[in-house]
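Sharing a structure below in structure tokens format, with a few things to ask.
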Amino acid sequence: MINVAVCGANGKMGQEVIKAVKSAEDMLLVAKIDINDGEFATIKDAKDSVNIDILVDFTQPKSIYENALYCLNNNINIVIGTTGLSDMQIEQLEKLSKESHTGCFIAPNFSTGAVLMMKFAQMAAKYFNNAEIIEYHHNQKKDAPSGTAVKTAAMMAEAVNGTDGVNDKIGDFTNGNCTEIETIAGARGANSYNNIHIHSVRMPGFMASQEVIFGSNGQTLKIRHDSTDRECYMPGVLLAIRYINVHKNFVYGLNNIL
Amino acid sequence: MINVAVCGANGKMGQEVIKAVKSAEDMLLVAKIDINDGEFATIKDAKDSVNIDILVDFTQPKSIYENALYCLNNNINIVIGTTGLSDMQIEQLEKLSKESHTGCFIAPNFSTGAVLMMKFAQMAAKYFNNAEIIEYHHNQKKDAPSGTAVKTAAMMAEAVNGTDGVNDKIGDFTNGNCTEIETIAGARGANSYNNIHIHSVRMPGFMASQEVIFGSNGQTLKIRHDSTDRECYMPGVLLAIRYINVHKNFVYGLNNIL
Amino acid sequence: MINVAVCGANGKMGQEVIKAVKSAEDMLLVAKIDINDGEFATIKDAKDSVNIDILVDFTQPKSIYENALYCLNNNINIVIGTTGLSDMQIEQLEKLSKESHTGCFIAPNFSTGAVLMMKFAQMAAKYFNNAEIIEYHHNQKKDAPSGTAVKTAAMMAEAVNGTDGVNDKIGDFTNGNCTEIETIAGARGANSYNNIHIHSVRMPGFMASQEVIFGSNGQTLKIRHDSTDRECYMPGVLLAIRYINVHKNFVYGLNNIL
Amino acid sequence: MINVAVCGANGKMGQEVIKAVKSAEDMLLVAKIDINDGEFATIKDAKDSVNIDILVDFTQPKSIYENALYCLNNNINIVIGTTGLSDMQIEQLEKLSKESHTGCFIAPNFSTGAVLMMKFAQMAAKYFNNAEIIEYHHNQKKDAPSGTAVKTAAMMAEAVNGTDGVNDKIGDFTNGNCTEIETIAGARGANSYNNIHIHSVRMPGFMASQEVIFGSNGQTLKIRHDSTDRECYMPGVLLAIRYINVHKNFVYGLNNIL
């Protein structure tokens, strides 16, 4: 059994993690830590009372770095879903994780489905000369395109840099398109890396969905991920807990263990 | 049995019509007319030899008006798929059709599926405050958005003009959306009638597809049409032939008989 | 302003209705009725204190008939989402509604999107000789196919009974299919009305989705509805409230007012 | 430049290959071989006249083994799309290819998109406990489910055999489903490997499409491939030509070079 503590236990994500850990047969929930009304107010309090193998942190940008330092200095493996760490802080945590032989798993996105979608899109990019991305979000999302869509396009572009002498893939993803005229501006979407066009749909009824479409004469290949509830992050969190419990190393990004 | 003549018999559409008429159990193909190498060179030649109930015309913008005049003046019902008639010419044909009690069916789009998609989108528009359109075409299409997408948006906007005191539908289709920022220009697509956003995808693998998406909290409704071959126009052509054979009146647009 | 009372105010659906009524600009929430801990315990209690135009009932099969009788006998228009009324009870309510000139709106499904999907499927059925249905539900649903899918198939079949001399639609929806061999039993799904095949997918990640697919040579038409949250029923409930407030008649089924 | 000969040059696939080779900038079409009216009647005839680097064979089951033997014995690399080779014949060709250091590429499916779909489905299978397959074909296909769907299910099942101590994936793909009752037989589809359910749709408007759907709480992941024209096989054929021109080894299956 893996002894798991949850930090940020009263937050929306924390509560989902608690449910998920409780229903995992190989895990034991040993501590619910939350500065507001938690079973324990601090990680130290919890550590003094129970034996923690892994701490999962979904707290605040302002507290995450201190939390992580404490864990790595006290031989507690940590899985971090909280955002807000700077590049320099991440580097420090990697160094400390290696020196202390204590696991540290950081992921900006714990959705297995979304991470697989990006990975598959990157793999398919080598074999198609035409691709576009459509992403769908609820209508309270301010920015378009989404960070996930831009990241996906960057990964696809990266896949076609260089050539192996066999695959003739060139960098451009609007290969062979005729000169296009927008009779209403914006029709062709956002032109991103290597001319991958991204289209952003915003309306109620969606939480977060994305479809990557590849085409060549006579065929299309579509990879689509829909999330409708934050429960979707739990399989990724459990996977990270199990992974870090065995490997006790530093990992950035769920994609590295899928 | 309905005696059908095809004008423009050697063109791509003409050949499809010939196949379709031959396989319809209630029709007899009586004449293949084509200025280039046809069984008959002109409609008059055909009329002098065989009995024609309906003539289907898929020829050229430059010849269609003369062809239609000839038919209406000679008691031949005509189904017109050829584009290029001016508004004034269409008015003249309507007048002549009524005076001569001879059927004249003109349709810019004979795809039953596409016409139904537009009709359903218009009907659904009254019940959703949020909607967007995505259209997919091959990469040799020059303009974006497609004419069909713009027409669909216009029909949807029309549906919400006025109010009946029961349905509180307002005109705007981005109802409740927060202020949006495009970090790459064009991400949110072409802003058309009543803020219906249209997104145009262009790549090989598609001929002509369109999806109209409606959303409200907790649900989405999607109406999608895919065409992959010009055979898709034949059910609409046969429907028009049968309709005009019975009604012998003037009709503009397949939607009026669906 | 329409004065609305909610009966079953503490149930899941009741709470959604309260939120929806509160956010509707033309409605006023005047009473939260619930036998367990409600603002009022009975409809009578509420009626004695406040002026009710419309009562929305999402309670229990065992109480709905009595509730409806009370409303119709006391000049309170009622919108009923509670299931469990027998055919005979529905008939009685219709009679009483007409005699008392008091509105009574009963709907087995308040999802506007689902009802429109069924209506569009029925309309399209006349123009396609081939159609199948795929429905997707969570994996705690016991029966397959879903009631909505079977109802949709029945409506599609109904649409092609009889002929109008123009449309040659015949009854069978596997028109022209070759003799099919299932190498694994069940591959071709459930064969329902007029050979409409229904396929039932069951897995977590879906709440309730359905896609009706029509095909002919060179084209497909798809009508798809996805529900991800019970909020999806609220636009239909509000629509019914507004309708019955104006018309004060008897209506069974949301489809009759869409 | 790669000198390419096409055997079966007058067949439907042969003609597509000729078009594809002609439009590839790094290839030269040197011979059109066809027993019926070809530029050359036999491979030997062609070899005597022109210099062949790669021969692409889309002929008949009855001739393919002889053709392959001739090529491998005469230092001509061969790409084989023709079906009908027995397992023993394939073994012989592998042996001969290795001995002669002459390339031999055999693929049952040259569609890059279909092969990637299968590969991605296999990869995703490790991370989801629930998955089903829907495949769509034209209505002249006799058997259901399709060979590709069954092959995909087998690959997905294979992916979850054994355990790595980190991922808790178990073999069953209807994990957590309640006891299901089919009120119409077949609703839940064909139950294949590890309870992967396969649903087969048959209607005009599709050539060959397949969607693999994975679900967990709050998310779904879909991988879909649509083919609408046999042109879709050409990128895979060109890829095989280029690969075998460099590596001159034995390869069975396009998936091994993607």
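Chains: A, B, C and D, in written order; residue numbering restarts at 1 for each.
Note that in this section a contact is a pair of C-beta atoms (placed from the backbone, for glycine too) under 8 Å apart; a residue touches a chain by one contact, two chains touch by 3 or more.
Note that the coordinates shown come from a computational prediction; the quantities given were computed from them, not determined experimentally.
Asks: Based on mean C-alpha positions, I'd like to know which chain lies farthest from chain D.
Replies: Between chain D and every other chain, the largest centroid distance is to C.
Asks: Count the C-beta contact pairs for B-D and for A-D, then tell me which is higher.
Replies: A-D
Asks: Through what angle, to the nearest 5 degrees, does chain B rotate to match chain C on its C-alpha atoms?
Replies: 180
Asks: Once you find the CA centre of chain A and the CA centre of chain D, what distance in Å lies between them?
Replies: So the centroids are 33 Å from each other.
Asks: Provide the C-alpha centroid distance between chain C and chain D, rounded to the nearest whole angstrom.
Replies: Once rounded, the distance between the two centres reads 45 Å.
Asks: Using mean C-alpha positions as chain centres, tell me how far chain B is from chain D in Å, no decimals.
Replies: Taking the mean C-alpha position of each chain, the two centres sit 38 Å apart.
Asks: Out of chain B, which residues touch more than one other chain, so two or more?
Replies: Chain B, residues with two or more chain partners: 205, 214, 216-220, 226, 228-229, 232.
Asks: If you look only at chain A, which of its residues touch chain C in the complex?
Replies: Checking each residue of chain A against chain C gives 205, 207, 226, 228-229, 232.
Asks: Could you list, by residue number, the parts of chain D that touch chain A in their complex?
Replies: So the residues of chain D in touch with chain A come to 24, 26, 111-114, 116-117, 119-120, 123-124, 127-128, 165-168, 214, 216-235, 238-239, 242-243, 246, 257-258.
Asks: Within their complex, state which residues of chain B touch chain A.
Replies: Checking each residue of chain B against chain A gives 130-132, 134, 139-145, 150, 174, 176-192, 197-206, 213-220.
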